[in-house]
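Input: structures, listed below.
Both complexes below contain subunit A, partnered by subunit B and then by subunit C.
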Partner chain A sequence: MAQPESAAVTAEPRAEPGSGAGERHQRPGAARYGIVFWLAVAWLVIIGCCAAFAQWLPVGDPEEINVRDMLLAPSAEHLLGTDGTGRDVFARLVHGARVSVVVSLAAVAFGMLVGGTLGIMAGFFRGRFETVVMAVVDVILAFPGLVLLLALVAYVGQSLTAIALVIGFLSIPIYARVARANTLSVAEREFVLAARAMGAKRRRLLVSEVAPNVVLPLLAYALVATGVIIILEGSLAFLGLSVQPPTPTWGSMIAEGKRHLDTDPHVAAFPAVVMFLTVLSLNLVGDRLRNRFDVREANV
Partner chain B sequence: MRELAEPTATDGDTPQQPPLLVADDVRTYFRSARGLVRAVDGISLSLQRGRTLGIVGESGSGKSVLARSIMNILPQRSAIRAGGEIRIEGREIRNLPRSEMRKLWGLELAIVFQDPMTSLNPVIRVGDQLTESLRLRLGMRRGDAADRALELFRSVGIPAPQRRLREYPHQLSGGMRQRVTIAIALACEPKLLLADEPTTALDVTVQRQILDLLVARQRERQMATILVTHDFGVVAGRVDDTVVMYAGRAMERAPTALLFTAARHPYTDALLRSIPRLRNRPHTRLQAISGRPPDLVDPPVGCRFAPRCRHAQPRCLTDDPPLVPAEAPGHEYACFYPVGTDEGAGALERNLRAGQTAAGMPITPDAAGGRP
Partner chain C sequence: MRALRSKLQRLVFTVLAVSFLTFMLTSLLPGDPARQILGGQATPEALAAVRDDLGLDEPLPLRYLEWLGNAVTGDLGRSYQTGQPVTEAILERAPVTLQLGVMAIGLALLLAVPLGVLSAYRAGGAIDRTITGGTFALLSIPNFMMAILSIYAFSVYFDWFPATGWSRLTEEPLDSLRSAFLPALSLAAVNIAVFTRLLRSDMIATLQQDYVTMAEAKGISTSRILLRHALRPSSFSLLTVAGIQFGIVISSSVVVEQIFAVPGVGRLLYDAILQRDLMMVQGVVLIVAIAYILINFCVDAVYTYLDPRIRHGTT
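On to the complex of A and B.
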């Protein structure tokens, strides 16, 4: 295989040892990331399925109150026991995933889209636009987050969409900063100058040279931020400001379980553990992916 | 090959045609915290169609800034176009707005940068980076552009081009990447190609392949080329004329072969002496030029090379030598006491007798030696 190829190219260039780098990148994925990474991915897939298919899963009604069965320990009938009003904890966890997943995904998407766009444009065009955007961003950042969140929720309302948008709005500044910082360094790189010297328009430079290089670090950051948002939604629910009861959310389950901590800790513990595992998985996956992007940029 | 190509390029059509590129007293300064950096301070040159020019100088002599001035891709915030004209086919481009420049970039002028690690976009397949300019600048359809890209990859000697087109820059070696950047620069058949130290980031064996490739494509397309380098070995035998730059100025300009045999400027002479030669005995001391290039914020009065020059006389410290023609056509130098003349020999002798130059640099006879 190597024989004819090297013979064919000796006249012009010698075949250069570029294939070594290529092989390193083509190793099978499973071996590269390790078992912990795949466990984390599996957990996230399970949570995702729960959120998507909750009403078709054979888990019972999460809102059915049965005072006779309150605070039961885990059993065959109630896998994870029941809470203070006799609702099935397992069913509520499965249905509660929907709020966490929808809020975190929507908030991240909204924040990243708006914040990322503003940040990339600020970093690329500089000048007055950058000054104004970054000033606004700094003002939002300087405001105590939870207070602003409470004020906005009180004003906008407590529907799923409203909460997702409010949390997304609050994360705009961080994405804007990350995007701007990355844009500043990418825009100085020579390939942007090279594209300019080939006659590319500014819009073209922004969209096809700078943006693809900024999106990767932004995505890696977003994965970690998703975990933060799940916690944030939990805090809101704990304060009674997330989606209105009786819709189950992990945060409100913990808040409700708090009353029975001394006698029946499982009511608060199960949602807390689920939330913990979810956030941990997101961080693990996000970290691993970010490492991969970094390695790749270092290679280049 | 060369003998065949040259007469058609020079004798055939140049007398009637105006030069492709004329740079007249170009000055490019940069704002810095310490003051104005005079990176390019009054350079004039001209280049005919299909001819090649080498710009040689040590680090910080302004050669890259000159190349970027010609391309008109200086950083917008810090660079100052302090004066001079640059004309492409008679058209002034120094102060053209971006929208007008865009009609020239890629189509008339193209540049290959020093480091192929940074001049390719890491997240876009190299094939797409190439076809993009074909489609946007030449209006080719996707299929035609792909065919042309394949052809270009072949012409720059990339093995297995079909497969390479679909790879990312990190999958290619340094030499392959530089071949890709050359293919991109050649995509729209520019009339003038600038190569800004195209091989400095590559190892020596690959350097030669890339340089030979550049020269081969240049001859084939009759494309005017400017090769910027710090290495005399790079220009030797590859370019028609060579300009030696120092501290933002042209010190000497000559047909390349003549420069190696009859250098007039003491700086050129010193540079040539500092090249290690195979016929030297092992452990021969290299003849380095002592001192450092001047501070471009506050360049010395008089000749800029005087503080490091073995020929320096009192006059060199006060008067700025202009470029004057030597005997051979196309040969110019900026020196009052040039090498290979009585004035130069006399100046060197006076300095050797005094043990130091007029600028106070101590010199000893043993390093003087004969011409290499």
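On to the complex of A and C.
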């Protein structure tokens, strides 16, 4: 489950064909990213493993209610204590990672696939196709995202798939914009010109010259977007509009903890910290990689 | 002028497209609206009555035109739960959300301007790195988490501000500011980070300009250079972004209004969604979306008008 994060990282030091102009002259290597970067990567890998292997990890049952043990402080038996109905907070955190990871990965994959394809094609073929795609993109972006998300989720339903698809659908326009902006600048590069001069067909130009150079910046962008999606899902869960109980999610755990804020703040604090660290890590890693790939937001 | 006209055309197109999408949202998605309103055990007669009442059996384009025509005259239908006209409900709650938005952006600017100036002035130093790191962390805190944190800090730990409740600005101005403080702070947090980062990078660029060096050579005091020579040109892009963020804040205050039990538009939307109140959802989404578009349009227009580089088409 952690593959996309680590894949983006391991794919990173590969030499980019055609780079050079305007890039900072730094050798690819581990040292340059610094310890914070690798800590963030490690945290993301841990979260990914929790999501993938939750039921095999020795963490106990996240849904077992035990009223006698409610609101216990952290101890050897309950590492992070228990919540208002005596459920183990640590077990719920580990299992709750699943919803966040599944929703964000599915949404990112869906949004990036559809939006990226549309954006690359719009930027490559230009003309009427581009006009139509970008007009639709502008209209969807004209909506305030959270409002549209709430309205859609209310009607489509609150299953894991529905939420992932709705969030993925809403992120299509952003990917389309990023992909188009990158395609526009890549299409001007010398190696594309050279391929064209050698008589490459448009299809070949698109698939093997332009697209590979747009995918990497898009992936770096997707990492930051994953953080945003985790926050969005958290907000939905907090409002009780995400996956329904008893399935644990970080957002619903924070909402539950809010009730015991005055006596037992740890119930809300642990999921909040985990969520914060995850989003922070995604932002950190995404930010570094985005600098590396030099996606200028001004172009978007 | 020509630029303005094409912008206006775009605006009209976008608003129409948004209204169409909003309408489709509640009409095309799976599920019979009548059944959603009445619940699972409704009799066929009751369902038919509701369908007839809402005009659900008429063809879709006709319904859209009718709805749009009514919307233009300010009639967005009635809530199916309370019978209150949708427009009235929105107007009643709009001032609350606007107040929250203004306070949030104001609070964010108040904190971000000194932080940004300090950060740019000491660029690369320890203070700058602390501020930059802090803003980076702030960007990773969702507003509901900020809300919980501020309730814990300012309401549970120090009993300074109320955690829930709301007083109207027109009735009890001081109480209103007090009750709005924590929600506004929660909404402001992310914007503090956005503004500080923007101001920092903008001012670092400005401070490298020749005229700043010139001012330094003339012996003008540092604070004067920072505030008059560097902050002024940078405040321009700051205000633009503040405008855009204002649109985002008022449209995303749903969660925060829910936490603090603030009777604003976001809460109205949330309740309407929970109660499957179709007309209300449709109306609120439409109004919020149009407000959002209009704010962005105004920001864009003001920006174009004020910045001579864009006004004359040379960038």
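Criterion: the second predicted complex is superposed on the first by the 263 of 300 C-alpha atoms of A that agree within 3 Å, B and C clash if a C-alpha of one lies under 4 Å from a C-alpha of the other, contacts with A are read in each partner's own complex, and residues count from 1 in each chain.
To be clear about the criterion, a residue touches a chain if its C-beta (ideal position, glycine included) is under 8 Å from a C-beta of that chain, and two chains touch if they have at least 3 such contacts.
Fair warning: this is a prediction, and the values are worked out from it, not measured in the lab.
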I'd like to know which partner A:Lys201 touches here: subunit B for first, subunit C for second, both or neither. first
Given the touch rule stated above, what does A:Gly48 touch, subunit B (first), subunit C (second), both, or neither? neither
Subunit B versus subunit C as contact partner of A:Pro212, first or second or both or neither: first
Now for A:Gly34: first (subunit B), second (subunit C), both, or neither, which partner does it touch? neither
So in the superposed three-chain picture, is A:Met275 touching just subunit B, just subunit C, both, or none of them (first/second/both/neither)? second
For A:Pro245, is the partner it touches subunit B (first), subunit C (second), both, or none of the two (neither)? neither
Per the contact definition in the header, classify A:Gly227: touching subunit B only (first), subunit C only (second), both, or neither. second
Note which residues of subunit A are touching subunit C in the complex, please. 135, 138-140, 142-148, 150-152, 154-156, 227, 231, 234-235, 238-239, 241, 251, 254, 257-258, 261-262, 265, 268, 272, 275-276, 279-280, 283-284, 287
Which residues of subunit B touch subunit A in their complex? 71, 73, 98, 102-107, 109-111, 113, 115, 117-124, 132-133, 136-137, 157-160, 167, 169-173, 175-176, 179, 181, 184-185, 187-188, 205-206, 209, 213
Which residues of subunit A touch subunit B in the complex? 5, 8-9, 12-18, 21-22, 25, 189-191, 193-202, 204, 208-209, 212-213, 216, 296-297, 299-300
Under the stated contact criterion, what part of subunit C meets subunit A in this complex? 13-14, 17-18, 21, 25-26, 29-31, 136-137, 139-145, 148-149, 151-152, 156, 247-248, 251-252, 254-255, 258-259, 269-270, 273-274, 276, 281, 284-285, 288-289, 292-293, 296
